[in-house]
């Protein structure tokens, strides 16, 4: 745990950190949680975070509740060692696997949003030898790589497969590497990263959709005409912009429900 | 039928048994029924029970109606021979397969809740040679075993595959054994047991989810990197606690619907 | 067309035929239509009928609209040549494939209800060599047989696969035979028959469920431990009674929706 | 871009073009958008258009928003070079792939409605060698052909797989040919055409349903008893009329939701 490498902060400055955040951003994060639950990427587990746009050494995430239940009051700020920034949040129950988020933000300055999920059709691709590769143009980001994290190699035989320590979070972030948008977690799910919150929701959704379509293509029988690396990267660039359209729909629906 | 082995009880004491039960517990059982219906683990068949926390020789279950219709007034107490405890419940229609519950409570003192379902993706694993094994960490409890009960061996050729007698209930409980969390029932479904009601709902749900993911992994093609026994047991311990999070969500939604 | 073999009827007697029918029975038929739509057995096509309990030479069915839209006012009486019985119904648009119903009622006096659907997972079993056989005990009625009707053999090369004439209805009824509960229709769907309306809804639903589970079992890989003929028949007897439980739920929900 | 081949139009005449359109037709187009979203043929992407019944050199389509959000005010007229006809629409954000529509209307005078979608179970058939062929009689239109457009051959290595230029639209229209109802787009989805809006919704829906059923039939194992060419064409003729029934249901539900 690199706790010493993170600056300590004045409580006064910190206490204000979420309160003064743009309420639109808080709503964005609430909407992202609810959207991924309604799209069946998240069930009662999983979590969504965004880097604090005012301070890249912090990120925002809900306290530990089911994503579809998240409201604005549940959002808190954490530092990159995944400790609550605000005094008043010290007693709240935190997601036990929050280190996934903090350690990825440390190692990937290009990443501003992270989703961890048990994406149902992705899980089978974490326990088989078939790689998850881009079938659908919306999932071109898979061309950036989707490596597999086999926790058994790091955590040893007694693992419960969860990322419960900063050290495991660091190992996961290392396995993600400098380029990939998705890290598969064996017998567990995945973590998806992106430069923005709308785009991470988009990527988490299309990772699941691509997994379903790749599974169907395997059922039909190969060879499968996957996107080339070049196509995938070109498509990914286009989708970084195009994710605005679904996000407008998803955000509106998610916030209208309550 | 071991009717004589069970104590007879004073009607007075019994008549009060459900009425004086904590209404929160009754609501828990109502919520468990509705939740498993809304999660598509139960259709119009199947049933959920919990051991009476005041008297381990009794259990609580609905009268015979579809699980998603269950309300507090439908809950009754049964003794471990699966006879209604209260005078006023003697005329009610009971689940014909209630012996699944009573006989498991007799043979498994560690079990405080039971679900019997026709879990749709579990059924195919009851008629094939592929064993149901833990793919997803939430389903680590499958590492405790998920044996198959072939009713044909016990009930003979004329079976309708149902557990309609105490004797068949006993055979099923014996096949479940002392450790397993799930017993597969050929051509029928499964019965799932747990130390608590929230955990049995959790296990019934993730048995279905694991079956879907194992089916997808088989479609992709082996070898499948199943959880090891040690991982499964470690994960199971973690999930006994972690099931509180989904339960909070499920309970709230189930009780809000009416 | 056996039009002459059916008695002509006095308009007076006929005009009253539906009006005086027990409104509970009309609601049953409305509920059956909506239920099978909400269970995704029927989409915007398909139809449900019941034999008129007052006159076995008539049956009751909706005019030609999508099943989920059916209301009491849409129900009309038809004779077994599938002609409207009541004067006021003569101008209504009828289901073009109503001969499925009329001809089955003629040939099967034991049948009191018929469903024709494009049951989505049944269709693949109509174009492959794998027979639909009972996997799940609720589908024991499949043990009575589920023959395939290859319309190409009867209707010739220019068929649109539909049962648009009394003659094709007769051929279909003949292929169903005297015992089967289900007739598969190649590239089209199925028709399901039962001694009662609740049971035909039950059978249509579990035909679809069994098809899904048999498909999953085939994916896992054989040999599949199907129900034996004896088990299937025993289970079918039990389910003729047990279908009351789902029916109570389905009917209530279907009629509450409007 | 064939901009010169299209007539320029008087702004006065044009400005009135949508305003004076029958509001029933505008509602039809709104309903078509929402219906295909609720049927899961469209997600937040995809678009639906109809040829302007008053001027075959124009078509009507929404501005660029998610299909399920489309309202009457979003509908605009475009010429066949896919430029907004009305002055007031010049600043609106347009679907970037609108050239799919314009170029098909140019090359296929028989076509009066077009749907472009990422139909989820169709995508796997665009990356494998299995052809999409009619299994279900409702999908007889597949007998008119469902060729594959491999954009890599036209757009080169750096393609993002989207139809972003008139030239790519023309290539797609050419690949569709003079007869087919569906063009598969590799790694992307499909475009479906029909002589009327109700029929194009019908065809887009049953293209997805047929893909699911063909996938299931392939899972069961061949040989698959596909519809013959003659059966497919006969059935297609019947369905051009029969699509009125589902359309009545879908339109009513889609417009009732808001």
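Should a chain be cited, it is by its letter among A, B, C and D, assigned in written order, with residues numbered from 1 in that chain.
Definition applied: a contact is a pair of C-beta atoms (placed from the backbone, for glycine too) under 8 Å apart; a residue touches a chain by one contact, two chains touch by 3 or more.
Note that the structure is a prediction, hence the values are computed from the model and not measured.
Tell me, which chains sit next to both chain A and chain D?
Both chain A and chain D are touched by no common chain, going by the contact rule given at the top.
How would you label the chain A and chain B contact, same or different, if same means the shared numbers make up over half of all numbers there?
At the contact between chain A and chain B, which are copies of one sequence, the residues are largely different (under half shared).
Looking at CA centres, what chain is most distant from chain C?
A
For chain A versus chain B, what separation do you get between their C-alpha means, in angstrom?
Taking the average C-alpha coordinate of chain A and of chain B, the gap between them is 34 Å.
Roughly how far is chain B from chain D, centre to centre by C-alpha average, rounded to an integer in Å?
That pair's centroid distance is 48 Å.
Send over the residues of chain A in touch with two or more other chains.
Correct list: 219.
Among the chains present, which pairs are found to touch?
Every touching chain pair, ordered by label, is A-B, A-D, B-C, C-D.
Can you list the residues on chain D that touch chain A in the complex?
The touching residues are 43-45, 64-66, 68-69, 118, 120-121, 123-130, 152, 157-162, 186-188, 215, 218-219.
For the complex, which residues does chain A have touching chain D?
134-138, 140, 209, 212-214, 216-217, 219-228, 230-231, 234-235, 237-238, 242, 245-246, 248-250, 252
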